[in-house]
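The structure follows.
Letters A, B, C, D and E mark the chains as written, and numbering starts fresh at 1 in each.
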């Protein structure tokens, strides 16, 4: 039933063992800012979109062309799934299932989630730290490389929302699908292009591709202004999500 | 299932490749004011109505005759679908699907949405600007004509609500149905007959028909008074729609 | 499905072409006050009741006998459907469908809705005016008689709620069922036995029966006191109905 | 469907034509206080309980034994159905249906509801009055006996909630099941053991059994204190019930 | 249907007649704190998790490994079901059913719920008292042993929430499944490792195993600080649960 609720519609993908990146509006808008720069820098091609009866009636216009706010891009062995709008809570699980089912058929090297982790003193941090959570054989094999890239394994903690749901779906596959979630320290309630740039630099090393992150650093101030309003709305919706879904910080420690 | 939720009931339409205009209560009440004047000026004939179990129990009375608040009118090659009441959020998608399915069977030259785009300084604008969003081969072919009519293509932006849903349904057809959404600069929370008149003048050129828009300019002050109350209510419902449907301004820029 | 939600259970009715009157709690409690006096004056017999799983768990007691708050009465060629409680919003459409389906089988001369229309300056009006809305051949044929009875045709306006839903169902039949809605000027938030008496006097002429309306005029003050509390509650429920159902005053004028 | 929602599970009952008493938390907690004393005084045996997926997850503990808050007791020809918790509004109708269906199979002499009717000046009333509402042949036959017991027939009024729903279900049977609802004048928002004692004394005469009501009179003050908190909670839930179910005082008088 | 809503997925369990302990976030976080220490002290092995479409999208990370917040642990003849997050109200009954069905197949010696009972003057209590509620033959047989362990049988009272629902499901089995709920006096709104330690010491005697509870006593202060935030959130969710489920303190006394 769930798989009928939301559907990825895309061109046929021929590349073997791709990296599948996920960029969603979240803490610091890391996923969305990163995705935008990835598309520009890798000159990614629009190859699909995501359709659901339960998505709000929204169309976005880019370069005079109307399109869905949830889209799929591709360039060589990198595939990107991006959403410009927060997912309605009722769609989080169906979305995750569809993404993981769709990704599994492509036999991916890894599903890579681009996320942020809020720090209160972000202002005082020159170089934001990056944490990672991994699941699945292929991902765990490369988990140790990360230390050389200044990425720390998250020891104790929890994840909530769409990225957690995607990780959960990957873990439930037999064998588990390789998933790495990158969490870069970022602002909670403001877009953080600086943190997104730091994350992209590491992702570039991990994927062994070249990504121009300079524009993000340069335009940080400019982007901050353009995105302030959007951020406020995203933040309100996320509060609502938190409330409706009762994202509880688990009470356990072991 | 959805198509059973709402249904267009109309006389048989014989005209080939009609223009199908859509007028809904929205920003500045542009769609509703334009439709009213269109009906008068083109002497359009009432040829159908829209029925749904989910519409609120409302009957409108015009010239002593009770009728549905959602109706279909026709004159030569112009068909008009008009609603006097805001659509309940749960009906937005079923309404759009039914309109597009019904329109497709008529092989239309274009589906034309009559909408507004709010500007804060509307008071200071003598001649409100008109933007357009187009989809589908036949619509795109005529997209370039618009510049000669002082209509600008919308470069970057987003649409939300019933007009976005209609555009979305048109885009999903194979091949996409021709759709043009006209967005005239208007008041956000007050009816704007002046903006509606400006829009109608352009629509007249585009459809190559004669529409008398003088009454709108002349009666602007009068209409403003009569519609103020209605506007307040429409605005409240739209706020609710916004809230329930989480119309989010997309966070993306490319 | 809908017809199973609510059901009229009544004795078999043998009279041909009856008038079917509808009295519901509405503006000024016109429908309920009129119905009460009709039953007394015409000595109407209790012949049925209305049952639904969705009605609130309420039993009313009259002259020591418990009964349903929604009942059917009959006397000669006059049938009366009366409700002592406001209909839950979710029952408005099923109730209307059942009433119209049930009425249709009796081939009625007319379905006559007893309603009020609020006026702010009711205090200053000696003789409240009566408006009428008609649909269906048999009703329209007698529509012109009304002017002689000082009843005005409603030129432009709208109706919302159960009476609108009944009218709507009548309009959708082929051919449309004869329906006349009488709207007497009345208080908005207080019971208005004076207005009900004025309406009943006209209804008596229209039905060609004798109805004693003097008690209403005489007991106006008394009734006002006894019904004040009920009115408050009805008003609250109606506000809720308005909110839930988004009864919007249509934005159109033609 | 409804009968699957809630189920009475009990030992087989062999007694013929029993009296089936119903004690529910209501105005003045009359039903619950009366039931508690009935069980003690008649040394009633626990013979069943009521189960439903929709009941809140609550277990009560009496004399170290955990049990359901909705239970069935029996002693000779008296059966008692008691609930220690207010019924969730969505269960009122299924509960009533199940009780009446279950009772019907026992061919009862009468179903007797133990309820209260609030009076504002309860403080000033030495001996609270008792009202009765009856339906069904066997109940009506004995209705006249009541006057000798100082019980008044309720002339005009209404009932709302579970007791009204049970009465309604009895009325809908063919022939109607015998039902008597006793309504004793009581406090609205405080437990009223005095009123319960007065009611039990009358019920004892009616059932022709001996019930010791002295403990209620004696412990009135004590019980009042222990139950004050519970009453507050019951009252809040009942307000909610009232709100959700729109218990409207009917607007009719005849 | 319900059993499809939530599912325990675990390794095959070979041990005969195990003790099945349940630790859920509740008053004083007794269940969660106890479970955490049990896992450490008995070196329990992670052997399963609980999956449901209706659980919020949360993943917890322990020692760099992502896992479900609802898990199953085992060591010798002790099995532990623990949840780090409060159960959504709609899952309480399905969760209880699944736990009891799953436990029944293991033919357990007893299902043991680790819970707290709030006391306002917890500060002044050196050694918190422990109460017990039992159901089912095997549990009742051992009920008398408890007095020697300073555990009091709960005479009169009620239980609400997941532990009550588990007890209820055990009671409904034929024959009833053995269930003991331990309720230790604890803080209402703060984590209470001291009370958890006192409870664990008694549970150790009852299970005849050795549990090191010293760390809890020692780290009481430390844990208190780390858990204060979590407690606040748990408390908010529980208030919501209480509200939605109308956990009413039963009005009965016998």
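One rule holds for everything that comes next: a contact is a pair of C-beta atoms (placed from the backbone, for glycine too) under 8 Å apart; a residue touches a chain by one contact, two chains touch by 3 or more.
The shown structure was predicted, so the numbers you read here are calculated from the model rather than taken from an experiment.
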Tell me which chains count as touching both chain A and chain D. E
Listing by label each chain that touches chain C and chain E gives D
Between chain B and chain D, what's the gap in Å when you average each chain's C-alpha atoms? 59
Go ahead and note the Å separation of the Cα centroids belonging to chain A and chain B. 36
Topology of the chain contact graph, where touching chains are joined (line, ring, star, complete, other): ring
Show me the residue ranges of chain C that touch chain D in the complex, using the header's touch definition. 25, 29, 32, 35-36, 39-40, 51, 53, 56-64, 66-69, 82, 84-86, 88, 226-227, 229-231, 233-234, 237, 240
Spell out the part of chain D that touches chain C in their complex, as residue ranges. 2, 92-93, 96, 133-135, 153-162, 164-165, 167-168, 171-172, 245-254
